[in-house]
Amino acid sequence: MKKSTRALFLGRFQPYHNGHDAVIRKITAEVNELIIAVGSAQYSHTLRDPFTAGERIMMITRALAGLKSTKYVLPIEDIEQNALYVAHIRRLTPAFDLVYSNNSLVIRLFEEAGIAVKQLPLIDRGHLWGTKIRDLMTQGGLWQTYVPPAVCTIIEEIGGIERLQQIQQSDLLSTGPSSSASSPRRGESD
Amino acid sequence: MKKSTRALFLGRFQPYHNGHDAVIRKITAEVNELIIAVGSAQYSHTLRDPFTAGERIMMITRALAGLKSTKYVLPIEDIEQNALYVAHIRRLTPAFDLVYSNNSLVIRLFEEAGIAVKQLPLIDRGHLWGTKIRDLMTQGGLWQTYVPPAVCTIIEEIGGIERLQQIQQSDLLSTGPSSSASSPRRGESD
Amino acid sequence: MKKSTRALFLGRFQPYHNGHDAVIRKITAEVNELIIAVGSAQYSHTLRDPFTAGERIMMITRALAGLKSTKYVLPIEDIEQNALYVAHIRRLTPAFDLVYSNNSLVIRLFEEAGIAVKQLPLIDRGHLWGTKIRDLMTQGGLWQTYVPPAVCTIIEEIGGIERLQQIQQSDLLSTGPSSSASSPRRGESD
Amino acid sequence: MKKSTRALFLGRFQPYHNGHDAVIRKITAEVNELIIAVGSAQYSHTLRDPFTAGERIMMITRALAGLKSTKYVLPIEDIEQNALYVAHIRRLTPAFDLVYSNNSLVIRLFEEAGIAVKQLPLIDRGHLWGTKIRDLMTQGGLWQTYVPPAVCTIIEEIGGIERLQQIQQSDLLSTGPSSSASSPRRGESD
Amino acid sequence: MKKSTRALFLGRFQPYHNGHDAVIRKITAEVNELIIAVGSAQYSHTLRDPFTAGERIMMITRALAGLKSTKYVLPIEDIEQNALYVAHIRRLTPAFDLVYSNNSLVIRLFEEAGIAVKQLPLIDRGHLWGTKIRDLMTQGGLWQTYVPPAVCTIIEEIGGIERLQQIQQSDLLSTGPSSSASSPRRGESD
Amino acid sequence: MKKSTRALFLGRFQPYHNGHDAVIRKITAEVNELIIAVGSAQYSHTLRDPFTAGERIMMITRALAGLKSTKYVLPIEDIEQNALYVAHIRRLTPAFDLVYSNNSLVIRLFEEAGIAVKQLPLIDRGHLWGTKIRDLMTQGGLWQTYVPPAVCTIIEEIGGIERLQQIQQSDLLSTGPSSSASSPRRGESD
């Protein structure tokens, strides 16, 4: 089979963990260049999306520093119009001819646009790690073994655990930005 | 009673079905011209909003092709500010002096703006059809009898059933656009 | 302790009630000037956010008319990017050196930006009043004793009770703006 | 040559005039169905864009009332990202396989997306009429002969001439929305 | 003549100067309550809009501190849709029954919405002061005599003159935010 | 002098040329890590901004492929609120303690936020190259000597010269996206 010139891998990376890392290292052997798109880039400081796009980009870049193949690590904000999503990604990334995804909507949208999609080689149910790791962080558990060492260091430098634990406390009187996992905008009590 | 010069009918039309069709044919006898506003126009490719605005506009136009009275079929995107909603609709449509709606918020907003609202003559609980039809589509049931023949043809041409069935599968590793019915933006697992 | 030059108090004020009023009168003794930020300013006509920003600003201004210290009452719209929230507020308000809040995310965001935050002196669990008052309004209960007299007058003038009771009724056929408390955009049934 | 199933014609229609009318009537003989996209739909009340999208849609629908072939008249708002423009139009319209345009950027964008474009059969330099007609309207000249009778009637009903003449007067003290032709947002003097 | 219950005065206030001050003091004698809307609220750090909305609100509030009548000083962001402008203002302000303006487009928009507009009693060509004062600031001239003393103090405290003089220097290599007076977004050289 | 941990370099890179390349290679000797921010990321297909963000990111990554030090190449969209610009960049990038810029507004905004800014070591008036190169491209001149070989290859692969020459032709009848250099939205003739 001919190698893809350039492939796209899409994730939220909250945080970048060993599941992502294993999959990406496997994919890089199959493609010439890899675009790693950091999705939901506009969100941060919530239980579901604790880290900023910049922090996530730094995690990925550091963890993959030794990888020789060319990679692009780029923030992609969510948009509400699914019918624009493929064009939205394409204008922000170099051209690609293959997408790695297990998300059925992503698969559908790229297939309607005529772009090939490959299922991800899941390793040890890595897709469940994100929620588990954030829960461990919030509850003071041992999250460190699930992420690459470089990610550990970054999360400690930015006070990531304190951030998660602080925003988890329930809101009281004030209004304002929301830490609710289900809605980024409106978790205020009053 | 004097005929309305021009009336507004607001719906999501996911898809346009026989319930809509019966109501609209009844209304057109009462008004000179009818504006059919296709609401939530920015959404598509979700379980709750599978079809694009353009696809819905085509369904309505085709199904009502034989209707002689003047009609306008127009996309209207949702906005988050309810207090702007009436002005938002009015700038995109010809002037109207009557609104058909059973939605209590729509009624309230237009009444606060001084525009008359009439309750819709519901036919056979047609307002429940939308959810039922989409469920039938997803589960491989007999949805065809609930929509006009022209709508059947369009849904088959665009691969609408495959789209619904594909986006219904649960998301796995990737991030990106959401097929979740409750939130158009954030159904990713990780 | 040195008095703050100017402090920020953030709330949704749906509606402005005696709990807010007691806290704000207490705070004004501790600061030279007070900025009262009316959050979630873009929302109105929902069960959770029935009043417009303009209506809420009028409530606060009238209720505090006798207060001598300088105060600013300003609308602040929610934004989806938490990482921009502090800068978003600062560009719309005079400079401040203290924030009053019990919202853990607000505390976190301002602390990450290096701005001092003080817990609010809660009076009689005032932070629970908002929901309770809106419930009383919707169900025809005695809400009047929970708000300052000036707020009573305004709510009656604008037909606020009728608005809440009307938008509470369940939606039927039409699409359009949403009165759902959990989502401002998408409560339509079909 | 095989007839196009459905073609797109894009214009601002400020106002819809005899130049548009002649071209569209000619095109409808060449295609089965025609989509008339009313561009720059968000603008109105400026010297360059005096009429709302709703008013322009009414002009076109009335002027072409006698035309038998199926047509869709739809508002399309400008977006700032050219690289999204084709996808933006496609989600709001029925599928099309041909675009009529003389705009070199429009041609380029659709060609990059793999969609055929045909040059418009210009009739009597009709493309210059828009500016000329608006100038005549502003200066009290004889604009009526350049537009279909139905458009005349609509412009008179909505007070279009008074609107143009009033917004043409130079701004003085206040700020606010702009009537400047070159910038829709910022024509205030102070 | 019956006094207006509540009137609206709209300006950019870049900065608030003696021309504004004289007009507003005159108006307050004619109305019960005055809403002062700080337009173009999203802009700052440009030659035409040097001050943030928060800074302008502080200027007005301080300068009018001695004024007894109730006033509301509120930020209003520009929007690109003129047809929404009146509704946009009304949702952010208490209800008003009179607008003071000399801006012909503002007059037109409010008149189309059925709201009375009064021409401003211009004092000594005050409407020309804004540009002149900003030019004096940029060139090191004597701007202080054109603004109330409270405004002088604020501009000095925030380093307003240094800001204007620094952003006036021509851009060189980099891209980024724009200081161009005619366009807030795109003044970069390369 | 201590090395910066991480520095930011901001440009539009339309296209990435030898002037940028020389400056960036010089800067990388002074810092540990460099963030290259591709500004005005939302624009493309205009005379002033011909290339998409993705195309520009590919140019920079390829041209600097041999550079050993860690670099981040990230798209940054312009926003209209200058007072949010620094926070907007910071949420999308890893933390930095130094900015390289000659743009006086950029300098001002970062200095108001307490971040150090260094003037760029201009090489051979490189800041003028962007306009000159785009003019050469449009007119069929010898632009190739002004950009790194990798950029040449990319521009040829994407048909960049044809794009520029095609969008340069004057618009005629249609409305739609704009190729005007001064305004990205509104260059249509009618």
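By written order: A, B, C, D, E and F. Residues from 1 in each chain.
Everything below uses one rule, namely that a contact is a pair of C-beta atoms (placed from the backbone, for glycine too) under 8 Å apart; a residue touches a chain by one contact, two chains touch by 3 or more.
Not measured: the values here are computed from a predicted model.
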> Where the contacts of chain D and chain E overlap, which chains show up?
Replying inline: B, F
> Which pair in C-E, D-E or B-E has the same interface as A-C, with over half of the contact pairs matching by residue number?
Replying inline: D-E
>> Looking only at residue numbers at the chain A/chain B interface, is the share used by both copies over half or under half? Answer same or different.
In response: different
> Between chain C and chain E, two copies of one chain sequence, what rotation angle (nearest 5 degrees) aligns their Cα atoms?
Replying inline: 180
> So how far apart, in whole Å, are chain B and chain F when each is placed at the average of its C-alpha atoms?
Replying inline: 43
> Can you give the whole-Å distance between the Cα centres of chain A and chain F?
Replying inline: 26
>> Can you list every residue of chain A that touches 2 or more other chains, as numbers and ranges?
In response: 44, 52, 81, 83, 90-91, 183-184
>> Going by the touch rule stated at the top, which chains touch which?
In response: A-B, A-C, A-D, A-F, B-C, B-D, B-E, C-E, C-F, D-E, D-F, E-F
> What part of chain B is in contact with chain C in the complex they form?
Replying inline: 9-14, 19, 23, 39-40, 48, 78-83, 85, 100-109, 112, 120, 122, 126-131, 182-184
>> Can you tell me which positions in chain F touch chain D when the two form their complex?
In response: 42-46, 52, 163, 166-179, 183-190
> Which of the residues in chain B come into contact with chain D in the complex?
Replying inline: 41, 44, 52-55, 57-58, 61, 65, 70, 72-75, 90-95, 158
> Given the complex with chain D, which residues does chain A contribute to the contact?
Replying inline: 81, 83-84, 86-88, 90-91
